[in-house]
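Two complexes, one shared chain (chain A), two partners (chain B, chain C).
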Partner chain A sequence: MKSLLVVFLGAIVVLFVGLGKKETKTTPLALLFIGIALALIPLDFLGKLPWSFEKNVPVDMLFFDKISLSFTAVLLLASFLVFGLFGSKVQVGSDLLGLLMFSLSGGIILTASSNLVMVFIGIEALSIPLYVLAGSRKTNLKGNEAAIKYFLMGAFSTAIFLMGCAFVYGSTGAIDMETIYRAAYTMEHLKAVSPLLIIGTSLILVGLSFKVSAFPFHFWSPDVYEGSPNRATVFMATIVKVAAFSAIFRLFSIVLMDLRGESWGIVVAVMSACTILLGNIAALRQTNVKRTLAYSSIAHAGYMLMAILVSPEMGFWAILLYSFAYIAASVIVFYYFNEISSNRDESFEAFNGLAKNNKFGAVLLALSMFSLAGIPLTAGFAGKYSIFSAAFVEYKWLVFVALLGSAISIAYYFRIFKSVFFTEGDAKVNTTAVSAIFLGIAAIVILLLGIAPSILTNLSVFKF
Partner chain B sequence: MELILIPIITGIIAALSGKWSKWVAIVGSLAGLVITAIWLSKFNADGSFNFVFDRVWFSKAIHFKTGADGISMVLLLLTNILSPMIVLAAANKHNTDKAALFGLIVIMQGALNGVFLSMDGIMFYIFWELALIPVYFICALWGENNRFVTTLKFFIYTFVGSLAMLASLIYLYSLMPEGSFDYQALVNVALNETQAKWIGAGFLLAFAVKIPLLPLHSWQPDTYTEAPTAGTMLLSAIMLKMGLYGLIRWFFPLVPEAIGFYTPIIIAAGVLGVLYGALIAIRQDDMKRLVAFSSLSHVGLIAAGIATLSTTGIQGGILQMFNHGINVFGLFLAIDIIQSRAGTRNLQHLGGIAKQAPYLAVGFMLVMLATAAVPFTNGFPGELLLLKAVFTKNAIWGVFAGITIILCAVYMFRMYQFSMFGTAKNGIYLFPDLNMREKLLFGVLVIIIISAGVFPQYLLDLCGPSVDKTIKIIENTVGVIS
Partner chain C sequence: MDNSIFNSVEISQYIYLSCVLFAIGLFGVLYRRNAIVLLMCIELMLNAVNLLFAAFSSYMGDNNGQLFVFFIMVVAAAEAAVGLAILVMMYRNTRSTDVSLMDNLKG
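Right, the complex of A and B next:
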């Protein structure tokens, strides 16, 4: 709760500090607020918090349990890195920074909502600033295309989501998750699951799948990622995705967990398999690095969907670990992409010879590629391992598909490798000391969670 | 523990220390050798695991657990003898500014030690993958023209194999009520035949790609040819043995229920590899490619011998793993020396080197004889045991495998004759003989080749009790193996 308030307050302050001025440097101010919010998380953890829907704990519309706090920590860490790396060099208008912070507070609301109305508000607060940001390069044609696409798709998906909420309300008579949870439990035990509830759940799943760009609702994301300014793209790829997954996790893994075998389990499993295969195979054929990264992020959404399919105890820890790994690696890759493509083009060739001119950058890129591909001793492996081993019990075939996907992904991650390490060229990135610190933080997250992922489990022993 | 960490840490330091890097790397890799020597002196060869180190790592199920029995000791000895020699062999004038190369070799040494010491399934997987990364960079950074395509092929082949192994490990884990990846726990899981076949398939894919067994060998000749010499040495002398070691330590004890299905396949693939590799090697003019195919032929025989699951077969396999590592290192060293001086390694363009470089001629000759398994060299006892085991198991396969000795003599002598004797072609008039560094390397090689050829019993005694124990584990499940 405190973190949400700090971020919200920060958004307003940042917005008004720069009001009326053409160019202001409000990045440090924004970083300060996010830093405070991040620092407040451990304080909250020290207090006696419920895990999730425990007995005799009153549930408000916003429900800050340990699950939501953990996801909030991921979101804040991601935005801390994004603001640090994508704000300092170019003068960023304070209105854009303010919008990003509003979007972040939407994400935090999403992690903590225990009521379908709050989920809706969270999605809207998360997305509306991004519709603006996607089109913030007003004269860029691709930017305009991206903004329109993103807005239309977003509007449709939230409409479908609302429709789903209506169906759920119709079948259970409630919009707060605790009541829905008990209603679903009762229906499952009486073997009388209302078809309305199943339709409603499916529609909600469709609405949220748009946000995480899971198959078959992924098609907007390569175009939007390509057209949006890099700052907005990295925000969509990391923060929006993790926030939407926290909502999916709470809604499906916890609230509707009793219905998994009956209704949505197989649907999500098939979606996940298709997302993994499609993302990885389509990424192979791209010539534009940004589109490759977009398809790779689709594939990662597929892996994360697998974690929804397992028991919440295992799924929570797996998805949390995976989110940390994914955001840290993505931020590093997008940073170097941003720096290189601002001087050159967006092709793979633009990376040629980076290893000669910038060893630090080459090593960091290698580390994050390894993490994204799931090579051991990086956080990506720890995340993939925990997801795969949890899903193996019930969905063996899905794990085989996911392993196949990981094998395919090597081919396109290593294309970036080839450019960076093995091709002559003159790609150059001048990393400032400040950026180096932020990159270092991300690299430490990757290595630390890769070598000793148990620190995360020990921090949060999860039980129901 | 120290055998893993010290090389990895010194490797990282070496990669960062500029022109001092080769000295740091030599110190780091020699430290590994010293620790191995100390372990050998304290080693208790009764088939149990010595030097066990156990800490909780990822979660309660995944431990950082290391330990060495006789089988691991032989391979640790191989890794830690060869790594300093590979660093030394790479320390020629062409590589003076390649600080990262020496670092990567020593990191590789640590990762390989990790593979041979692991007593936890996931830890084994992690080091298995980790060993791939340094050698990938060595090959892709300093290899020859076509290097990116071949190294990518190599990486994808082995990565797919490893992922299959990971799937098998997770499958085994999911069959336990109290999940654990501990070696003993994995061995104890009782499987039905279908499960054993599936799990075995995953492991076998990973190991067969690394060994490599026919028909999964197609990455090997290209990668050996395109890789820089240090990379080829690491791959052929040590890394192949990961796959063979995996068969003995993990594959057979973990899925004994499926051996009836898999042993004939492995023996057949091994013996076919023996013939295939040898026949192709006879026709090669590129010396590196020739040795690559000969290596395919030799490891095929080792794999077939191990799959007989007899004491002679497995012991001979372990002995031959050690000796093949030493010999193939010697061959690639000689090829590297010839190539760097004559500017080519094509047999059609070489000749007459023996006159100008007698030391090289003697050293190369001895290594070649050892590879062709001449008595009193190290190649002989291992090959003899392996052939005996395969012959006892199946006489026809045994006869086919026996042809290897003849064919091996043919291609080895052909290589030697074309390169060292005859008249100098292509203007090789000035061929300086070995310098001190190279003399030292060949000297050590000669000592190992002769002493392991005359006294093979030391290595056999070292691994004997562990081999018996491994066979007992398998027989506990499936009854006595005929």
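Right, the complex of A and C next:
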């Protein structure tokens, strides 16, 4: 709760303090607010908060349990890195920074919502500022196209999500998740699951899979990612995806877990398999690095969907570890892409010869590529391992599909690796000391969680 | 919650009506090409949801559904404002509101 307030009030302060000043002048202030919010997380975490809403816990519309705090930590870390590494030197006024912070507070609401109304408010607060950000380059035709596609698909998916909420409300008589959980549990045990509840669950799943761009609702995301400014793209690829997954995790893995066998289990498994295969295969035949990264983020959504299928205790740690790995690596890759493509060359060739001119950058880029592809000793491997081992018990075929997908993904990550290390060229990135610190934080996250993922999973000892 | 208009019609009729309205909106979004019509179709979908929430709320004598309706109306207004702004931006650059012209991004 404190983190949410700090981010939200910080957004207002940043918005007004930055009036008429260059954006680079207000960025430290925004970083300060996000840093404070991040520092407040461990304080809350050590307190007597429950892991999730359980019996006899009073449930408000927003409920900060340890699950939501953990996801909030991921969101805040990701936005800390994004704010530190991405920024326009010419932009005047801090409206874009303020909008990003409003969007972030929407994401935090989404992680903590224990009521369908708050899920809806969170999704909208997360998305509406991003519609503006996607189109922030007003005269750029690609930016316009990205904004209009993102807006139409976002509004469309929200309407579908709301229709699902209406059906769930009609069948369970409640919009708060605890009552929905009890109603679903009772229906499952009486073997009388209302068809309205099944329809509602499916529509909610469709609405949320638009947000995380899972197959078959992924078609908008490569276009939107390519056309949006890089900062908005990395925000969509990391923060929006993790926030939407926290909502999916809470709704499906916890609240509607009893209906898994009855309705959504096999659907999510098939969606996950198709997302992984389609994302990785489509990424292979791209020539534009940004589109490749967009398809790779679709594939990563597929891996994260696998974690929804297993029991919440195992799924939670797997998805949390994977989110940390994914955001840290994505931010590094997008940073170097942003710096290199500033002269409008977005092809793989733009990376040629980076290793010769910038050893630090080449090593970090290689590390994050390894993490995204899931090579051992990186956080990506730890995340993939925990997801696959959790899913292996019940969904063996899905794990084989996912392993195949990971093998395919190595091919296109290696294309960037090859350009950086083995091709002659003159790619150059001038990393300032400040950027190097932020990149270092991301790299430490990848290495630390890769070598000792138990740092994170041992947090489960803080039980009540 | 004794509302004679709501109670004189069965709940199933409301469900069918909302589903039909929702489907009209959905197919409108999928088949129309004018961005303003798309926006109207999305509003139609949201209003179908509102009707369904209000009907269920009255049927069950529970206020939560009506609370949800207010939130949907407020947020839909905010969303429409941003959407229209994006439309104006698009119109300034292309002199058209036809979304099928927006096909620069492919691959």
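Here is the rule we use: the second predicted complex is superposed on the first by the 448 of 464 C-alpha atoms of A that agree within 3 Å, B and C clash if a C-alpha of one lies under 4 Å from a C-alpha of the other, contacts with A are read in each partner's own complex, and residues count from 1 in each chain.
Here, contacts are C-beta pairs under 8 Å (C-beta built on N, C-alpha and C of every residue); 3 or more make two chains touch, one makes a residue touch a chain.
As the structure is a computational prediction, the values presented were derived from the model and not from experiment.
Q: Check whether A:I175 is in contact with chain B, with chain C, with both or with neither, and answer first, second, both or neither.
A: Touch partner of A:I175: chain C, not chain B.
Q: According to the stated criteria, A:I239 is in contact with first (chain B), second (chain C), both, or neither; which is it?
A: neither
Q: For A:F400, is the partner it touches chain B (first), chain C (second), both, or none of the two (neither)?
A: A:F400 contacts chain B only, not chain C.
Q: Comparing chain C with chain B, which touches more residues belonging to chain A?
A: C
Q: Touch check for A:S389: first (chain B), second (chain C), both, or neither?
A: first
Q: I'd like to know which partner A:C165 touches here: chain B for first, chain C for second, both or neither.
A: In the superposition, A:C165 touches chain C alone.
Q: Regarding the shared-chain residue A:L259, is it in contact with chain B (first), chain C (second), both, or neither?
A: Touch partners of A:L259: none, neither chain B nor chain C.
Q: Of the two partner chains, chain B (first) and chain C (second), which one does A:G135 touch, if any: first, second, both, or neither?
A: It touches chain C, and chain B stays clear.
Q: Please work out whether A:V117 is in contact with chain B alone, chain C alone, both, or neither, and reply first, second, both or neither.
A: A:V117 sits against chain C, while chain B stays out of touch.
Q: For A:A147, using the defined touch cut-off, is the partner it touches chain B, chain C, both, or neither? Pick first, second, both or neither.
A: So A:A147 only meets chain C here.
Q: Can you give me the overlap between the chain B contact set and the chain C contact set on chain A?
A: none
Q: Any idea which chain C residues touch chain A in the complex?
A: 15, 18, 22, 25-26, 29, 35, 38-39, 42, 45-46, 48-49, 52-53, 56-57, 59-60, 62, 64-65, 67-68, 71-72, 75, 78-79, 82-83, 85-87, 89-90, 93-94, 99, 102-107
Q: If we count contacts the way the header does, which residues on chain A are in touch with chain C in the complex?
A: Per the stated touch rule, the residues are 116-117, 120-121, 124, 128, 131-132, 135, 138-139, 141-142, 144-149, 151-152, 155-156, 158-160, 162-163, 165-167, 169-170, 173-176, 222-223, 226-227, 286-288, 291.
Q: Using the touch rule from the top, collect the residues of chain B that touch chain A in their complex.
A: 56-59, 122, 125-127, 129-130, 133, 137, 140-141, 147-148, 152, 155-156, 159-160, 163-164, 166-167, 170-171, 173-174
Q: Would you pull the chain A residues touching chain B in the complex into a rising list?
A: It comes out as residues 370, 375-377, 381-382, 385, 388-389, 392-393, 396, 399-400, 403-404, 406-407, 410-411, 414, 417-418, 421-422, 452-454, 457.
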